[in-house]
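The two complexes that follow have chain A in common; it is paired with chain B in the first and with chain C in the second.
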Partner chain A sequence: MSVIEVENLKYRYPDTTTLVLDDLSFSVEKGECLGIVGENTAGKSTLCYALAGLVPHFYKGAYGGKVTVNGLVVREHEIATIVENIGLVFENPFSQMTGAKQTVYGEVAFGLENMGLPRKNMHTRIEKYLKLLDVYSVKDKNPFDLSGGQMQRVAIASVLAMEPEVLILDEPTSQLDPQGSKDVFKVIEQLTGKGMTIILVEHKMEQIAQYADRVLLLHEGKQIDLDTPEKIFSRLDLKEFGVRPPVVTSIAQALTIRYPDTQLYPVTIQEFKRLEEMK
Partner chain B sequence: MNTMTLYVERNSPIHRLDPLVKLLYVAASILLTYILPEPLYIGGILFVTFLLLIIGKVFRNSLPIVTLSMFLIFSLVIVQGFFHPDNVTELFAIGPLVFYEEGLYVALVLVMRVLVMVGAFSLLILTTATDEMVERLIKKGMSPKIGHVILSVLQLIPQMRATMVKITDAQRSRGVETEGDLLTRVKAFFPLIGPVVLNSLNETKERSIALEMRGFDSPMKKTFLNEAKQYPHNKLIAGLITGIVILGIVWRVFG
Partner chain C sequence: MNRFKLKDIAFSYSPDVSIFEGLDLTFDSQTTAIVGQNGAGKTTLVKIMKGLLKPSKGTLSIDGESIADQTAAQLAKRVGLVFQNPNDQIFKTNVLEEVMFGPLNIGFSRFEAEKGAREALKKVGLESKVSDNPYDLSLSERKLIALASILAMDTEMVIFDEPTTGQDFAGKEKIKAIINELKAEGKLILCILHDMDFAADVFERTVVLNQGEVILDGQTRDVFPEKNVLEKAYLEQPYVTQIAQALGYNDSFIHESELVAFLNNKK
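Let's look at the complex of A and B:
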């Protein structure tokens, strides 16, 4: 069974007239990494909100269709129930530090307290995720004293500690410096390796090509395409949707280096090299 | 250092007090300034409050807050001193300005009362970690929704300060002059107000999303990472404070 099922999802923010999500239907399998791409205002973040229950519980407005996460119909459950099944990390690391706790350790504990996890189970969980995200060494620091990259990893740890089935990352590195981004992507790589179900919204197409099993192309709230990265990035009309393919794909197109069977272009350097040698 | 709270971490007996007891002190001290509105009594309360700030090792940290409220206090003195309707007894005059005893008396009481409020609130905010306070209140049955509001409000000032620094840095890197004489600074400051306020609003919204995503509004019974802290002599101190308020009332009625 699919972990996420979206059926004819339509959504409009309160007091607006245009559909921000316009008839989306897709599903995500367990262990899959789904990339979401599209230009600014395509509706990527709103789709993330709809998966996490913020739409329609936090953002009201007109809602149609059905979203199911881990068997729960999102519309029929409160956010507090949904977050135990799906976690959301977004752009700004600073505003994801709740301010409710004085230490990184407490920050990670916060979600567990709200879930009502017995105290005796907390410490092992917290330590596990602090170590996984490589922020154990700053566990006693005030969250606001960390660097952006560290804060973002604490945010991920705090969400993961609640052990949701799915993790949504909405442009998790767009406000980080290069080193911070690198550290966060290292974690994403580890998580996909462990078989975590991940939804990744990202402007760096190289990263999408690297980690996503499938890519959802959104434009003005509409689902343009949903396919493998090779298929999506080989589309000749990609520019019309404000998306540029990874640099290697552009080069491959210029040099007509492609898979002999499918005629698609490679999206990663490794594949590019392999095909080039074959040629 | 430059963290997002006003809380000052120190090792003092005041820090070890129950946040609720400190909250009670705030209420009691303000109440007493109304029950016994004479300078002598309010002076006593003020003395105790400042003493507690010193014991709490946060007296210095309270000074900026007190100074800020001085502006308010100063305008009170002027208005009351000159224009109080009961003004009859001329006390002294500076040039054409005449100060009356009645007006100054009322002004003095007001000033001292404001000082008590500011002092007592500083005592609470500077010596109490936000999480300890919110946790304690939630355990007492306060709704997490109100916790939401407390967290947002306490975060607002430091958050704006942080945004300001961020934007100033960005301005400077774009070659805008942000330092130098007062005029340059003021010129650099005004265009900041819009972005700082907007950004703060946005961050407040994002933070409430973050709180939602950690299940803060969950109707489930919460658990707590730290065992309930033991507050020694809690009942005794709370009783003492209540007792003093009652004594004040008795004094007022029969004294």
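Let's look at the complex of A and C:
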């Protein structure tokens, strides 16, 4: 079953002349992890905004086509309704913190209060997600006193607490140090294991290769390709779109280590090793 | 400038938590990456070098001469720091003015400042944006503007704080080329990084900082095979090194091309 349906989506920001999203059509299945890759001007973040309803409700501009999330046509519903179905975690956790709350607990409660969830259910949910993201021990701290990794996990907890069907992570670790980044990806691994539908924008192709079931390659707002990580990263013209494959794939290409049946290159170290031993 | 030396440096933000206690480090013509998790003291270190923070103990010297008496303004002519967050250093409403701001501040004439600014913008590939408002640009472009502002000051030493954050493949290649060019011009280069692949790819020397202490310092090639020490500092090895080790080779591989050549020879 498709949770997200995008049909001929076109968009440009107000007072601009170029389409940032130029005729995108794809669907995402329930439980799937979709990676989005492309260079900085490819339209990745704008696509995330369009899935989460910020485009066209917050960012106006010219909009065409149709985005459906969990059966709701995004354009026809308010953001308040959409966030219960699809949650967006920003690149910089600082942007996600409301600043209105003095504690991590209050921060996670904020979205639920806005949803009008009964208090009794609220406590159970907050505790559940603080524990899941391993930030329960800092629940009484001020969100701004946390490390970057902790803050990003609180941001994810506050989005997950609303129990959306889909989670969008727009470069969730680019502001974090290696340990903070590792902690966040541990959570992503757990969530994909639990069958959560995830949209992941990421510059580290190794992470995309590890977690994504399929990869959407964007370039100047256009949908270049949508396929398995092996197919996308085996494309010889990938660099023309400002994307380099994972290091392991690039080494496999130089050594022509590939799957004998499909002639594609491996995208993870484990697969590389297996194919190298077979050779 | 040939050498920047820190000797026996102590520093703390509050009386009960000290960041450095007797830190010794010397930077010379080798391009150097400083790696370590958040809170390791990396940004504090470069703020001390820039004269923005005063150590409670120890000496700083350039080519053997103490810089204790120099103000941050005087040091600004010799040491340039590109902040991690470009919004911390962007003041003006047009890109050219923004990049000229630093040079004008350290005494360049308007003519020299504009010439320097235009050259610097060309280096970062944003020469077509001279009349734009910096805040109309994307974050990755603003980072390049912040970098151009420092290049335009033509300082003898350039310090980068996390230059690759938010940059895509092309952006990283651009920064790599600029670093190599600055090195060729004889400038001292120091860079704080969370990106181990970039550190391994670009820098000659790597210093691992953990809780205010240098726990590893050497040629990049010798540093990254030290998995246990890196783990202590909550760092990972570059992907190339990880791949080589997963394949059972303990030799030190930090460049993709080396590993490819090695595996090709083995065939």
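The rule is short, and it goes like this: the second predicted complex is superposed on the first by the 279 of 279 C-alpha atoms of A that agree within 3 Å, B and C clash if a C-alpha of one lies under 4 Å from a C-alpha of the other, contacts with A are read in each partner's own complex, and residues count from 1 in each chain.
Here, contacts are C-beta pairs under 8 Å (C-beta built on N, C-alpha and C of every residue); 3 or more make two chains touch, one makes a residue touch a chain.
Model, not experiment: these values are computed from the prediction.
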{"item": "Which superposed partner A:269 touches (first chain B, second chain C, both, neither)", "value": "second"}
{"item": "Which of chain B and chain C A:101 touches, first, second, both or neither", "value": "first"}
{"item": "Partner chain(s) touched by A:130 [first = chain B, second = chain C, both, neither]", "value": "neither"}
{"item": "Chain B versus chain C as contact partner of A:159, first or second or both or neither", "value": "first"}
{"item": "Contacts of A:87 with chain B and chain C, given as first, second, both or neither", "value": "first"}
{"item": "Chain B versus chain C as contact partner of A:203, first or second or both or neither", "value": "second"}
{"item": "Contacts of A:114 with chain B and chain C, given as first, second, both or neither", "value": "first"}
{"item": "Residue ranges of chain A touching chain B (in the complex, touch as defined)", "value": "52, 54, 58, 78-80, 83-84, 87-88, 90, 92, 94-102, 105-106, 109-119, 122, 126, 142, 144-145, 155, 158-159, 162"}
{"item": "Touch list for chain C against partner chain A, complex", "value": "37-39, 138, 140, 165-171, 194, 196-197, 234-236, 239-240, 242-243, 246-247, 256, 259-260, 263-264"}
{"item": "Partner chain C, residues of chain A touching it in the complex", "value": "39-41, 91, 147-149, 171, 174-182, 203, 206, 239, 242-244, 246-248, 250-251, 254-255, 269-270, 272-273, 276"}
{"item": "In the complex, chain B residues that touch chain A", "value": "1-5, 7, 129-131, 134, 147, 151, 154-155, 162, 202-203, 206-207, 209-225, 227"}
